[in-house]
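Encoded as structure tokens, the structure appears first; notes follow it.
Here the chain labels run A, B and C in written order, and each chain numbers its own residues starting at 1.
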Amino acid sequence: MQTISLRDVTKKYRSLTILDQVNLEIRENAITGVVGRNGAGKTTLMKMIAGFIKESGGELRVFGERPFNSLSVSANTIFIDDMMGFPDAMTLGDILVECERFYAKWDGELAKRLLEYFSLPLVLKHRILSKGKRSIFNAVVGIAARCPLTMFDEPITGMDSAARRDFYRALLKDYIAHPRTILLSSHHVEEMEDLLEDVLLIDGKGIGFHGPITELQEKFLALQGKRETLEIYANRYAVIHRSTTGPLAEWIVDNEHTEAELVALKQAGIRIAAVSASDAYLAMTGQTRGGVDDVFNAMERA
Amino acid sequence: MLEMDGDKPIYIQIAEWLEKEIIDETLKADDKVHSQYQLAELFNINPATAGKGLTILLDAELIYKKRGLGTFVSADAREKLLAKRKDRTLHRLVRELLDEAKLLGIADEQLFQIIQAERKERT
Amino acid sequence: MFSTQWSVHELAKRQFLFKLNANGPIFTMLILLQIIATVFLGGASTSGYESYDDPFSFVYSTVSNDGQIGLTLFWAFIVGFLLTSSAQRNESFAFVTNRLTFQLGNFYFFCAAALLGGVTTVLLGSVMKIITLFSDNAIIESAGLFSAPLDFFSQIYAMTVYTLLLMLIGYTIGTFIQLSRLFIMLFALIWIAVTQYSFFMLGTSAGELLHVFYGETSILLFTLKVLLLVGILFGLSFWVTNRLEVRNP
């Protein structure tokens, strides 16, 4: 069953194209990590799905309906980001009352207990919260609303590491007890990767990768060793990324080796390591360690 | 599959953890195995990933499914695992040991002595 | 395929209740403005000295709550305008809504706020009469709740309607400005044109235009005219609101 489906969906602002002819299906009750570099279009995609902004072309369906101005989509969807505004005059307790009014599956008890755990008294006003505390509050609302489609856009902004860990744990526990479709975007892939079932990589105005996280991991291998050795033995593989840490070089290569080839590499003294999903993501989007070195190297040459 | 250096994917770690539980008899024959949701909670991972770990054991027929009841340890699971360990893990370790010994220029007799000394220390 | 479904009516009602809870300060603002009007404008009582040929002369004063009326209408316009802010939209869209229920919720809110504005303004007029009665020890000849109940209620009705209209005008203008800042220019031009004596050379002064409403003596016709204008303003603002992208910086 598909919760979200896009057919050739495009989003443009005048002449600026944000997303170009995107085709995508998001399965029901899976946690999908939405990743991509700044400005890749993650937020735009999620806001279209939430019905906040309108697609410029193509066919977008959420629960089988076009989300823009759909009451049913809105009633079954919640979108959490740091732009999420609540009235200045309201206390956290007041806001929880409003949540109860609007979200059919709202669990007020859970929300209260989580806020208590995160030391957020209900009498506080939302506007006086620090950035991190505000993120925590919004995230708690997102978890307790139990919407069949729950989207978090950069939910951990400003949270300290303990709060981030607690948030991911709370989200997982509530998801196991009440499965729902979750989209979760973050730049800290390494922190959330264990939580994910699928990864959606937005790159170049479209989809760079979409599939199970294990598939993303298995796309690549990391070869570590002396650069000269690597250049002799590993040069015939498609190298996605090269980086150097001290005397050792690490190449991330396509995982398309026969067992015999790998044995040969090992015997040449090359370490073969699995690539974590976050490293695979970083390699695919050219963000791996040392990438910026190229800029300085180029300047030195000039 | 070839053994990897460094961190293994999490679902392989799950499978290995369950294998270890079977080998040290924390999980005995016909005991109920953790569900994918229990594993997900335990390891703080996505249930689908935990499910993948279980699938590895199911494919190797180390565990079996009872409809509606859950997953259970196969009667011969421990024997199978022990055999596999002997076959693969031990051989791999010996290979690595020999590689290292060659690098350091250590003769076989010297290796035996190290092993015997280590064993004495443990007992 | 949906686990939760709402009717437009039900959600508009909930959005309205949310607006009421969220916008308490708007009512505080009204009360403050009216207190200011009462205290500082002194109820705008104008005094005169009428002198006929001897031996009679007398002092009279007219009590009116024009000050409060003016301030309430000003408040109404501002409230209408305020509710089009992107913050207000983001707040509503933090919960369940579409653009129709959002607009309806706002409209219900305006109705409630206008009723409050209308009632308090007219009542304040009565309060001031009482104050004058005690301070000047004068006899007052005017329409009050007991002397002329129908007149009293028609005052409340008219005041409520004017307040609502001002809110909707503020709201419609605000909505267009949200769509494009260029509308600020357009509205400024319209304002200049309307305040000129000759309105677009048609020979109709702005006063005459407004006369369509305040000069109307039949309450039925007045209501019809108001409904027509409310419909137009609601339609215009909804035409824009229905297109607006929300929670987008």
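Assume a residue touches a chain if its C-beta (ideal position, glycine included) is under 8 Å from a C-beta of that chain, and two chains touch if they have at least 3 such contacts.
Since the model is a prediction, treat every value here as computed from it, not as a measurement.
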* What graph shape do the protein chains here make by touch: line, ring, star, complete or other? -> line
* Comparison of A-C and A-B by number of C-beta pairs in contact, larger one -> A-C
* Asked: Taking each chain's centre as the mean of its CA atoms, how far is chain B from chain C in angstrom?
  -> 77
* How many angstrom lie between the CA centroids of chain A and chain C, rounded to a whole number? -> 48
* What whole-Å value do you get for the distance between chain A and chain B if each is reduced to the mean of its CA atoms? -> 32
* Structure fact -> Touching chain B in the complex, chain A uses residues 30-31, 168-169, 172-173, 176, 194-197, 212-214, 217-218, 222, 224, 259, 262-263, 266, 271-274, 276
* Asked: Can you name the residues of chain B that touch chain A in the complex?
  -> 1-2, 4-11, 37, 40-41, 43-49, 52
* Which bits of chain A are touching chain C when the two form their complex? -> 47, 50-54, 63-64, 69-72, 74-76, 79, 81, 83-90, 94, 97-99, 101-105, 148
* To do: Spell out the part of chain C that touches chain A in their complex, as residue ranges.
  => 1-6, 8, 11, 14, 17-18, 21-25, 87, 90-91, 93-101, 242-243, 245-249
